[in-house]
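Note that chain A is present in both complexes that follow, paired respectively with chain B and with chain C.
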Partner chain A sequence: MSVPRYWRKQLNRYNLKGSKCETCGRHFFPPRGLCPECRRDGKIVDCEFSGNGTVRTFSIIRTASSDYDIQTPYPLAIIELDEGTCMTAQVICEPEEIHIGMKVKRVFRRIIAEGNGGVIVYGTKFVPA
Partner chain B sequence: MVGIITYGAYIPRYRIKTEEIARVWGANGAEIAAGLGVKEKSVPDLDEDTITMSVEAARSALARRDIPRDAIGAIYVGSESHPYAVKPSSATVGEAICATPVMTAADYEFACKAGTAAIQTCMGLVKSGMVKYGCAIGADTAQGAPGDALEYTASAGGAAFFIGNDNPIAEINHTCSYTSDTPDFWRREGQTYPSHGGRFSGDPAYFKHVQGAAHLMMEQMGTTPSDYDYAIFHQPNAKFPRKVAAMLGFTSTQIKPGLAVPRLGNTYSGAVPIGISATLDIAKPGDHIFVTSYGSGAGSDAFDITVTDAIESDVFNRSAAPTVEELLANGKYLDYALYAKHKGKIVMQ
Partner chain C sequence: MREVAVVGIGLTEFGEKWDTSFRNLFVEAGANALEDAGMSGDQIDEIFVGNMSGGRFVLQEHIGALIADFAGLTKNHIPSTRVEAACASGGLAFRQAYTTVASGIQDIVIAGGVEKMTDVGGSETTDALAGAADREWEGLVGATFPGLYAMIATDYMNRYGLTREQLAMVAVKNHYNGARNPMAQYRKEITVEDVLRSTLVADPLRLLDCSPVTDGAAAVILCPLEMAREFTDTPIKVLASSQASDTIALHDRRDFSTLDATVAAGRRAFKQASLTPKDIGMVEVHDCFTIVELCAIEDLGFCAKGQAGKLTEDGQTALGGSIPVNTSGGLKSCGHPVGATGIKQVCEIVEQLRGEAVGRQVDAEIGMTHNVGGTGATVVCNILGV
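Here is the complex of A and B:
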């Protein structure tokens, strides 16, 4: 990922900053500028998610790209945040520990380091709550 | 008066026992563990570093007491293991706790006392009225070369303190320092692991500077060891702080709550900050706390602290974040091979 591209998403990755439609109450992560339900009647505002959620489904990654290879096997999950929207993130626990319905909370971790000399990308992962 | 507004600590969940490290190097583990007074140490996860631990510690502090992010005017992160040689850890911490952009930030390095140097800087900024709140963090993923004596203790963890003068949970009555050019421990640019002067790190380094700052503090405050309820000293192992406490006239009861090293190891810049956190976890209003850090190279910072009623008031929720005792519990043990992988000691092609 290019440095500017990572930097543009930084606030969302660090603090789960998304958006919500004040007309229908739906939350979005990553943020949306337009509510797909309310369309022009929607009023989109910024919001920060609490970081608490539930594992809806997951997969155990056993073969990863080289940057993530050292962490295998690791669980990658779709997490439903308490505010109602879903996001994909790594859950830091043993593969046999994760299960659907598991309560999780956010933590701040390294996502990827581009070799020994490249940029280090930080962001949100989850741990069992 | 200037003091600690809130605090938080962070310790990774992984551990390795002293005996497991000794097994690999053919040493007597029980003898080493007894000699150092360190049974096990914390190990960072594969995706943890000084920045991630600093953010977690700062977020724990803010969970205990929510302060306006735009009132945080300074962030200083003290560490020997900043992930970047050039790019501030403190700016990332500021972004992650939503304190940016109207703030100053810098990374500190003074071996194991960079965290307490950060507290002193924040005290100065608050006292002078330059900032309302300053954030001082001491954290490290400590390095020790494979097979070196440091490997038995070099661990990971840190703590964050928000300093201000608006109803602090603990007032910092006074601080003073004692510094000299003493080459007892160093790491040259580009080197992965530090070097040290072996036994030279004892008398002319640790003991001289810790005693120097401690005596200076008691002289300037007109106090004696019996005036304090608790004392925290830098803890590279359990032997040094116990010995210096006895030399100064402090009892084992006074240093016990803040002595995390037997189960944590030496978190370098995080050591005294975690010791202060562990003591504040159990402190009551009116408790008088004595603190002396130590950083090789060499220097010590001393603090005289009095816990206030605010620690048990509605403005502060101590149970909103884990205590040091809770962070130390339920560790997940690694063997040496997994430990080497976690610490990046295995070179992968």
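Here is the complex of A and C:
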């Protein structure tokens, strides 16, 4: 999967920096500049997530696009962060190990190496807590 | 608003079409639709064409003009527009054509869809399709399209006790129907064992839970109901056409196993047509993966949440059941050229309502279509009747 250049510069890709709406208390990751509930009445501020969460649902990816093929099979999950927002990420564990309700915590890992010896893209993955 | 009718339908055979080009696929479907309506190209006022990713699959953009050109319709310089909502691009084209005719802006409009997906390798196809979801926050972290729907399946099975066998029965039923559709890509019947033995793609989904990669095109012609008898003895009325949106990413949804955009589009369509699910004789739903058919049946209101597996197991969604689902074979067996699917669904309902669906005919006067883009970020529903 080719990646637009600016993605590598996005800090929230590396350190779970998101945003929250001070009007209604909702947290957003990736950050949103506009609260979908309060819209212009919302007050958006930056926030950092603890990185702890729970697996809500998952799959084991066995057929992937070329940049990810060498990693297959890999567990992929929707993780609800303790602050209440959900994100999609890989969980580093055995395929048999992952289950709904599993507690996980974030780690900083390599996501892909683009092409042969190409640019390495880093980001957030999770490991069992 | 004027009443609108479908007066012509045209399809190409679905499958791997290495011997024909993207543009010729559309031209073939469009010509078939004109032939069916006994109409000349000069009578067409406007074209809408659904296409998800000409740019990725055949490196071609500016699809509207290309299609108008090769369909021989540049002579009159009629407007031609490509519309895109991933796998719901065809549905969107239909709704654009419908509103254009209903509003009185144009009289005779073609709604078509085309996709040529087999010219690139499997891995590139997977990558292009991942663009139907949130590329940055789903695709880039390793989510594939089947993987996202697999996460819906995991959630659904955990909450509602759906069995792996019940899920397989969706594919078995759709292949049975597709075997009776001369345009279908996989015209062969399969068994539950075949599904359970097929390769795992993204647990719990296996190869035979997935719609295939397909080349194909479809086109329909719409006009005001009051003009329809000039072209056909069996005009099919568009009783409703609705569309809804939701978050692009699955992880932002209220409930992973309910497609809220399906619920919204369905309700709007029923309201517009002043009908309820009980009035519908058959439905073409978006079974890009077996789990989605079950979600759709429930979210459209044909049964309660969690009951669609049982309904399928009891044969109620099969030909002859209380609500036949995907008589064309669905995306599963008929094939899923993403931009064309939403139009193909309309073609199937029209064929059924005209009584021309030989070998898979359902006795009904009202049918419905349901077309999903992404994992449910866009949904289009249409209700058609005799």
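As a convention for this text, the second predicted complex is superposed on the first by the 118 of 129 C-alpha atoms of A that agree within 3 Å, B and C clash if a C-alpha of one lies under 4 Å from a C-alpha of the other, contacts with A are read in each partner's own complex, and residues count from 1 in each chain.
Just so it is clear, a residue touches a chain if its C-beta (ideal position, glycine included) is under 8 Å from a C-beta of that chain, and two chains touch if they have at least 3 such contacts.
Quick caveat, the model's predicted, so the values are computed rather than measured.
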Open item on the list: Let's test your reading of the overlay: on chain A, do chain B and chain C clash or fit side by side?
Closed with: fit
Task: Comparison of chain B and chain C by chain A residues contacted - done: C
TODO: Look at A:Asn15 in the shared chain and tell me whether it touches chain B only, chain C only, both, or neither; answer first, second, both or neither.
DONE: first
Task: Partner chain in contact with A:Phe108 - chain B first, chain C second, else both or neither - done: first
Open item on the list: Just checking: does A:Tyr122 make contact with chain B only, chain C only, both, or neither of them? Give me first, second, both or neither.
Closed with: first
TODO: Name the contact category of A:Ile70: first (chain B only), second (chain C only), both, or neither.
DONE: first
Open item on the list: For A:Phe58 in the superposed arrangement: first (chain B), second (chain C), both or neither?
Closed with: second
Task: First, second, both or neither for A:Thr88, with chain B first and chain C second - done: second
Open item on the list: I'd like to know which partner A:Arg26 touches here: chain B for first, chain C for second, both or neither.
Closed with: neither
Task: Minimal inter-chain CA distance - chain C and chain B, angstrom - done: 12
TODO: Indicate the residue numbers of chain A shared between its chain B interface and its chain C interface, in ascending order.
DONE: 71, 111, 125
Open item on the list: Could you list, by residue number, the parts of chain C that touch chain A in their complex?
Closed with: 122-124, 126-127, 130, 135-144, 146-147, 150-155, 158, 199-205, 249-252, 256
Task: Complex interface listing, chain B residues touching chain A - done: 45-49, 51-52, 55-56, 59, 83-84, 92, 95-96, 98, 341, 348
Open item on the list: Residue numbers of chain A touching chain B in their complex, please.
Closed with: 10-11, 14-15, 70-71, 92, 107-111, 120, 122, 125
Task: Of all residues in chain A, those that touch chain C in their complex - done: 1, 3, 7, 30, 56-66, 68-69, 71, 74, 76-78, 86-90, 95, 100, 111, 121, 123-125
